[in-house]
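Structures follow.
Presented sequentially are two complexes of chain A, the first with chain B as partner and the second with chain C.
What follows is the complex of A and B.
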């Protein structure tokens, strides 16, 4: 996770922070501010998946369960159970965290492709529940969120305030991931990815380390789900679909799992292609496929580590 | 006197094939025990059963009186068991120093800390550096494992097992693949290990192994066929028959 070093690193970090804070003034209209908010939601989600894919080396095709699950639980608690925003948000992350705990026990019965298939199956079960259990979930009609929350009296109904709210959550998640990457726990997690057998012999509980990463990924995925439902004020089975799980996995891999910032770059690229390019080109899915192929062929480790490699080779 | 490692009636079958049959062994504290036998005799399988990487079908393995069978591999490490691997099992993308730091952290509560900076743990890194110095790798600490020589990796394996401060250390062919010069260096390291660590070693290099061990166990088709002091085992006709190609 090296790259930019010393003073240069802090300079770029400060520049990026200033640019992100100034963004609503720099954008020509609200469309782009909303687009930036969407990117932040997906970035939080991709960062949460990176705990599994990048740190722990476990590929999941069921991460929509946490985005969609978080969105559904929150919307249901507010619209159908009449809870306030604060209680609903708290309860949502607790429920999604507990769900991740249960799903982790099931998925960690296997590794590699088996793990991938179990996460996929669990995700599809949730999708099926949302789609078919009409009395409970509204089926295809989904659930509408009556209003966005107003934390500390800050109304989030306008694009700019919501953007800052999403930016604050994103900053917290980024900080958490950065600290984990540098921590003893993060080192242990990478150890179980590279050499699980040795880790056991050294005294590490490999299963528990993986399970805890699974729960953390689910928890922060649930946080992304909260942002998602606040932004859209609506959730439907589409949020739980396999397409969503595949997209977030592609974001993470495309950006580069070996770095903290990789999944963020992946979220930016995919969301831009999805929303901007699709308004000009019908076959934006094809374009996404071609883009993915090009990256995998020329930068198999992902965009961010790939660019760092090029910079080392050709840079000053 | 309580044995450091006491194995009794230990058996393991792979399908119909018996890999370990009713093995019994008593290794006293401080002892240097050598396990020899032809390829496929079940030596590494025995280590995997003792270490917990394989589940035994029957028998008992006691570490200073504590039954190990049924415990997880990591639990056995916490009880004072450490091992090295015949096939190098290192963290190839990390530095040598980080490899030893991981080994040091395995038995400490620190390993669960998600919020503090690992790089800021001065004492831990100094201990790791000292362990590398002990095996002659002080100047290689910042190298990535994949950029080091095979002999250096063998010594790193040893350093990682030693920092666990085990009570019983299992060495699986610590000299495999080394040049004559490197073998001498590793041999010197092995002789320098203090006697409060009991060592059980699998090794094919008979010159080094015989000089190192006091007690020898000969395995053949998963069974103990000869056991005793160096002189007795070497003189035994059954040893010559199965191992020395008599």
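What follows is the complex of A and C.
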């Protein structure tokens, strides 16, 4: 799926892996390591949404429900129910997966823009619950996570260990997405995007394929939510906001819909722009809106497919 | 008893506001096949313009008219200059309206600041009416009246006039409407401006109840979405009925279970989606 063939492809993959592993030594200070961790969290999230937007061709404007939902459930289970990290993480992905199952049944009652509106409404309802149900969610004050987990006795409190933890999760998600893209299931998913009626005539259960993609996207979105709350050690309604859903959608679209590396590139670009801009001015929302306009009007296919097209035209 | 009177009137007034907001949203969706996610921000901008116009000493109802017209101007610009460039790419259009809503909301924050600004209702409507020993908030009655008047007017325009017939033709079958010589692109602009004007005027009229505050847009947009999901896309009757259902649920929900007001909205939406996905009065969500 990267468009590079044979030996060259493995060379670049290996080079990227080495660079990612060496990153904490290459960065001048912890700020940049933390920034890289944030990018990895958002990349996992964008990859999960890409299952829907890219492979299944369904645009969701409620994907913050899974990042914020995962973060809330995990923080609540640990801070208020007193669970350990392992049990909390397991329960979180199960709950978020089940929620995605329910939301998927509802959202898939419609397609196209109806789907987009229902996902948006569901996401906003979740935001409203987190914001208003103060006794349960802490309202605007959010929930604080007492500590980061320590898987296999590795403390993740320092920037570099957390970075490696996020990198490991990212690698797993990347591998899963790559396997899905290569699998017959991935092909069927793309089939339901391009030719739903033909797929249906061929005997595929289009609804089930779409629903399973919705659940998978929600599940991995919940994993991103775990990373998010581990990184921030805090979650507030902001994590469930429409702005978050819009950010992850623009990451996916900006990088290039349907490719695996696209959402990662989008996550890198958006997170960098956001961090840089936010350190100078307070107008990130305006810039996000302008990015939407520019990307949709001038770069509808995204950066990665656009570059790939240029490479095919001018490359060797 | 007084509680129920107040809450019922609150419900009806909120339902009226939601009708002003969602009727335009629904018509735009029905005709242009795109969800205008800037509709919430149109409402909020209307409320803020109302603040400024009232501070300038303009009469309240003239301010509502002025707010509606200014927002309609913005809507016309958006439709002509941006959405037109993306004709045929509905999902792209939706995302662009979302981008515009972020920009406008952020600029509102710059211009009017972060604190909620209440709008004062017209002088004659501030004191409550007393009837049978109960107090009726006059302004809410007036909002309800305005919304019903707007609904009747819209209904007459849609059902009894040439332009209404053209809009209905466009909603039903755009290709056929084009073939019989209706200038559908002009209809797009008309309906978009009309929807924006209704939302903007609704913002001013809702100001005394809701105030103008950052986040008003993202509070109102989901309500409008739920109205349209309930009532059905492109249906005026659907958005009327849906508005009062949502207004009632939300007002009583906020009063009786303040924590779960949003959750109360979720249930009817769930029921309608499961039992009747095209909405109570609409065609299939496409």
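Note that in this section the second predicted complex is superposed on the first by the 294 of 316 C-alpha atoms of A that agree within 3 Å, B and C clash if a C-alpha of one lies under 4 Å from a C-alpha of the other, contacts with A are read in each partner's own complex, and residues count from 1 in each chain.
Operating definition for what follows: a residue touches a chain if its C-beta (ideal position, glycine included) is under 8 Å from a C-beta of that chain, and two chains touch if they have at least 3 such contacts.
Predicted model only: the values in this text are computed from it and were never measured.
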Touching partner for A:111 - first (chain B), second (chain C), both, neither: second
First (chain B), second (chain C), both or neither touched by A:20: neither
First (chain B), second (chain C), both or neither touched by A:135: second
Touched partner set for A:296, first chain B, second chain C, both or neither: second
Partner with the higher number of touched chain A residues, chain C or chain B: C
Which superposed partner A:204 touches (first chain B, second chain C, both, neither): first
Partner chain in contact with A:180 - chain B first, chain C second, else both or neither: first
Touched partner set for A:91, first chain B, second chain C, both or neither: neither
Touching partner for A:125 - first (chain B), second (chain C), both, neither: second
Touching partner for A:188 - first (chain B), second (chain C), both, neither: first
Shared chain A contacts, counted only where both chain B and chain C touch the same residue: none
Residue numbers on chain B that touch chain A, as the complex places them: 51-53, 72-74, 77-78, 82-83, 85, 89-94, 98, 101-103, 105-107, 110-119, 121, 160, 164
Of chain A, residues touching chain B in the complex: 179-180, 182-188, 191, 194-195, 197-206
Contacting residues of chain C [partner chain A, same complex]: 29, 33-35, 37, 82, 85-86, 89-92, 94-96, 98-107, 110, 218, 221-222, 225-226, 228-229, 233, 258-263, 265-266, 269-270, 273-274, 277, 284-286
Of all residues in chain A, those that touch chain C in their complex: 59, 61, 105-106, 109-114, 116-118, 120-122, 124-125, 127-129, 132-136, 241-243, 246, 249-250, 253, 283, 285-286, 288-293, 296-297, 300
